[in-house]
Amino acid sequence: MNKINQKLQEDKKLLSIYFSAGYPSLNDTVPIIENLEKSGVDMIEIGLPFSDPLADGPTIQASSTEALKNGMSTNVLFDQLKDIRKTVSIPLIVMGYFNPILQYGVEAFCKKCQDIGIDGLIIPDLPIDVYNDQYKAIFETYGLINVFLITPQTSVERINFIDSISNGFIYMVSSASVTGSSSGFGDEQTAYFKRIANMKLKNPQIVGFGISNNETFTQATQYAKGAIIGSAFIKFLTNNNLEKIDEFVTNILN
Amino acid sequence: MNKINQKLQEDKKLLSIYFSAGYPSLNDTVPIIENLEKSGVDMIEIGLPFSDPLADGPTIQASSTEALKNGMSTNVLFDQLKDIRKTVSIPLIVMGYFNPILQYGVEAFCKKCQDIGIDGLIIPDLPIDVYNDQYKAIFETYGLINVFLITPQTSVERINFIDSISNGFIYMVSSASVTGSSSGFGDEQTAYFKRIANMKLKNPQIVGFGISNNETFTQATQYAKGAIIGSAFIKFLTNNNLEKIDEFVTNILN
Amino acid sequence: MSYNINDKGYYGEFGGAYIPEMLYPNVEELRQNYLKIMAKPSFKEEFDQLLKDYVGRPSPLYFAKRLSDKYNTRIYLKREDLNHTGAHKVNNTIGQILMAQRLGKSRIIAETGAGQHGVATATVCALMGMECIVYMGEIDIARQAPNVARMKMLGAQVRPALSGSRTLKDATNEAIRDWINNPVDTHYIIGSVVGPHPYPDMVARFQAIVSEEIQWQLKEKEGTSKPDYVVACVGGGSNAAGAFYHYLDDTDVKLIAVEAAGKGVHSGESAATSALGREGIIHGSKTLLMQTNDGQITEPYSISAGLDYPGVGPMHAHLYASGRAEFISITDDEAMVAGLELSKLEGIIPAIESSHAFAVLDQKTFKTDDVVVINLSGRGDKDLQNYIDYFKL
Amino acid sequence: MSYNINDKGYYGEFGGAYIPEMLYPNVEELRQNYLKIMAKPSFKEEFDQLLKDYVGRPSPLYFAKRLSDKYNTRIYLKREDLNHTGAHKVNNTIGQILMAQRLGKSRIIAETGAGQHGVATATVCALMGMECIVYMGEIDIARQAPNVARMKMLGAQVRPALSGSRTLKDATNEAIRDWINNPVDTHYIIGSVVGPHPYPDMVARFQAIVSEEIQWQLKEKEGTSKPDYVVACVGGGSNAAGAFYHYLDDTDVKLIAVEAAGKGVHSGESAATSALGREGIIHGSKTLLMQTNDGQITEPYSISAGLDYPGVGPMHAHLYASGRAEFISITDDEAMVAGLELSKLEGIIPAIESSHAFAVLDQKTFKTDDVVVINLSGRGDKDLQNYIDYFKL
């Protein structure tokens, strides 16, 4: 069973952390992952940096740009991660835009992920129909879960459809906005969280966008299985040593 | 008999000098006229300064502008000249653009000229037909000779017509160019001078434009009755005291 | 009463050719030939073809809905701003370059204020491969830099006029001087309905295409070729002459000529000729002009280089004296506000000259069903810096 | 083979909608409605009316005699430079603002490179009274100052894109981000035939008026609606798409797409996508783009802000891959020289983007009786400072 599915069966609210590989320094990737697991994080999304990350906010974009400057690339990342499963056992997801993956070759990319022990992919700009028509079989061959997003604007039919083709969790975008932009959830979002919870989807939902502290984590996970933190963690990395990751996670969870 | 006609009967080549009234200093008008007569000049054209002297070159325009700044105006000029005939007996011609004269009132202007003892007018932008239709009678009433211009481009018919309506001299523009622009006469101009001389007009011709020294004065008067110096004299005034006018005139005549 | 020119070259009292003898052959040659040449089918054909394919005519007559709503009347804009080079000026320069060719001229001179006429002249000279010298006041060179650059790109020589107020009036003096110095090979393309006869008439005829088009365009849109009002700004008066031309004798159509009041009609910094001027002679024509008691021509002022002229063409002097047209003066401030308003309401940035015409909307009340045609004589690209500075955008 | 879009939103291999889920409702709403809305008579009527009265269409097809003489062929210029706001861009923004209204949107965003699309968008927003935010690369803001000023005059907010190369690509990223953040009330007016389906097709259809007019105009002038060549520059490719549209399936008509080679195709400072690009995803579309081996999008360079884009629209990717169009790269220097030549020979100062198309005349020999239509996509007013600096005028 895929590590993601195992994790989703645990009877707890899951904390997932996103960071851009190669930031703050090129070789921070592995230490960050290890520190995150040690601090009690449930799942990690490793960002493959892209020059034009149009679904990301300024914080993540800046970290991507920096990572690229540091020398990060698809090959470098795979190389850094080649022994990751010797030390890390929580689910690992690679999150990246489609173009670098396409240039690497989708199948080669998936195979490499499997070799390394990656459990899933999030490719925000890979459309569902293209995935279904061209890539689903490949993902399955290499045992990768593809994670789809929904937003407050996604129609009920489309949510049901996405649920039907998902086999891990649904990435539930808290608000229709790029990462890092809102602070705290309002009535509208809570209503949205409830609405989705009431749909009783077969896939659990993990909330992303706008989660930055214990309060928003608690709000987000009241109705959902877990939550993802991105920009807030990157801001933390900008200002703190890797050894302090522990503190960041502790603050979120308590 | 008008002083101009008298002068034209003298058996000599005539030197006429133009200057802008009120330049270099407001009250230089009378001293300049007196000095010119004393130096042996035959005729004087007193320029009534105008803000937009479009037939004049830069030297005369600059002197006009300066004169206006100094406070020159039609009234001031008339006032300066009111006793001129007590000291000066050579022909005096006022040269000015039509607008200031029109604003003064053409008849009032002519009357005032007669009172003072002005003998003629040169108004470069007063068209012949307008003069004939509207102003000829007035000029005659006040005994003023109106001087017309011809240029190398003026047709034979038009020259004959101008000759027929003139009763003093014809102002023969040496070349079709604004004042102060050429230096020395070439074959073309000499041919033009000869051509006009051969027409045996009833009015003598006085050449203007481009005369600056003894050489050009001699060339111009080879075929014509006289010549007018403007820009060269103004340049002289810019750099010399009025007492030196004598030297200027001597240089031209010898 | 006729509002058009008579066979002596006068509009009522105004007009004529008050020129030095040195210009006589030039002007006379033109006078004798201009109507004959314009009447030739080959001339008409070439003129019309260039207006269509090169200039982009007909310029639209655009119903300005949001502006009409705001002022509660029916406002149409005659879109001379869409012409090649960005103003009505090119209608005239196309006509005159064809005229110059037929007169056998090889060298073209022009004066310019806003630079629009200079650009329009440089443009047609490039088109026809003719030498082009443009005189422009030193002050105008500074405040209309984009147009200076355009003239240079087009291969024209721009010569600064350094005398007087160093604006349009002085550029005109310089151009006339050049013409005096070059009487044989040179044609002087005057940019407005000013100067000695036959210029005012010739330029008005070339610009008359504006009202010719308004007539049929309005017929299409409103079922009648007659608006209630035609409004146009007046520097020398060529765009107004063009917009008024076919309505001159039709007194059902009210004509409004808009002059630049600068910092206020009586501020001493103004170019409101009808309000401040008296009959006199400027640039070879008897007309209204701003002058001292003494007959010295006054230095005008307007924020708009194209209206910064102390006279008006003789047609306009006559329209004023006869009461045929209403003359309204608009200050710098009023014009700028009107220009910004047009930009924000209709997405059209007008030349500051044209903005003066639009400012009339705030000065005068029109009836709900009045059809008001405003001549949008040019676009504001050349004036951007002025707008920016003025509004601190 | 078809050169137009298929019902899945692809031109051959290229196109599609590679968008994050956050954009899905917006794009899907548009996809479901755009053809229906465009087919409505009331839409067509309003579109056509505005193109005529507001934009000034038809834009002339002008026979450039002196240029034709020089290159010994028959050259026609399609005069998109005469459109209101000075380029072809407004054809599309008029169409899209009407689309946005019918989709019930109240807020408009746009990206811009040269500023022409930004101005065209700000213009139609003013016309319709809609809020307008334009994203523009910080570098482009500096090199296209006049257009920035125009947008402000028109009431638009210009927001600098500070990331990446700070040019068009980054402005597009910012605009997409804005759209993600404002999914309900906002319509994103993309300025070229790029972006996710249905944008490339919708923009191409709005620009298709260009070749529609060329057809009947050429018929009038040459007795045939088919030129031998149609030449257009390609940034994203909208003016080329418009000029090619009605000739796509008529292979008698040769199509030439001109890209910006910057300081040389292989200089490292270039925007010659077809020469340097590979298939990939940019701004929601699968197309040719300049990228590293790793799939990072390369920062392009061209002296012309409007061509300074690392991709081309999917239609052009297909025209290139299929060989239907010939692709030619033109350096900065070649373009500048061609721009000056057009100014001096025809009195028309082209946008530097368009100058690239004219530079083809020096690269390729046409037959004496070839009819070559060059799309003069915009006028050079916005580029004067660049021309001045380059030629030290």
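All chains are identified by letter, namely A, B, C and D, in their written order; residue positions are counted from 1 within each chain.
Heads up, the rule we're going with is that contacts are C-beta pairs under 8 Å (C-beta built on N, C-alpha and C of every residue); 3 or more make two chains touch, one makes a residue touch a chain.
Model, not experiment: these values are computed from the prediction.
Between chain A and chain C, the least number of touch steps comes to 2. Centre-to-centre, using mean CA coordinates, chain B is 66 Å away from chain D. Chain A and chain D, compared by their mean Cα positions, are separated by 37 Å. For this pair, chain A with chain B, the centres built from the Cα atoms lie 96 Å apart. Contact with two or more other chains is made by no residue of chain A. Shown here, the protein chains touch in a chain-like sequence that does not close on itself.
Contact between chains, per the stated criterion, is found for A-D, B-C, C-D. The residues of chain A lying in touch with chain D in their complex are 50-55, 57-58, 61-62, 65, 68, 73-75, 97-104, 124-127, 130, 148-151, 153-155, 158, 173, 176-178, 181. Those residues of chain D that touch chain C in the complex are listed here as 52-54, 56, 59-63, 66, 79, 81-84, 86, 122-127, 129, 146, 149-150, 152-155, 340, 343-349, 380-381, 384-385, 387-388, 391, 393.
By the touch criterion given at the top, residues 16-22, 24-25, 163-164, 169-170, 172-173, 176-177, 180-181, 183-184, 278-284, 291, 293-297 of chain C touch chain B in their complex.
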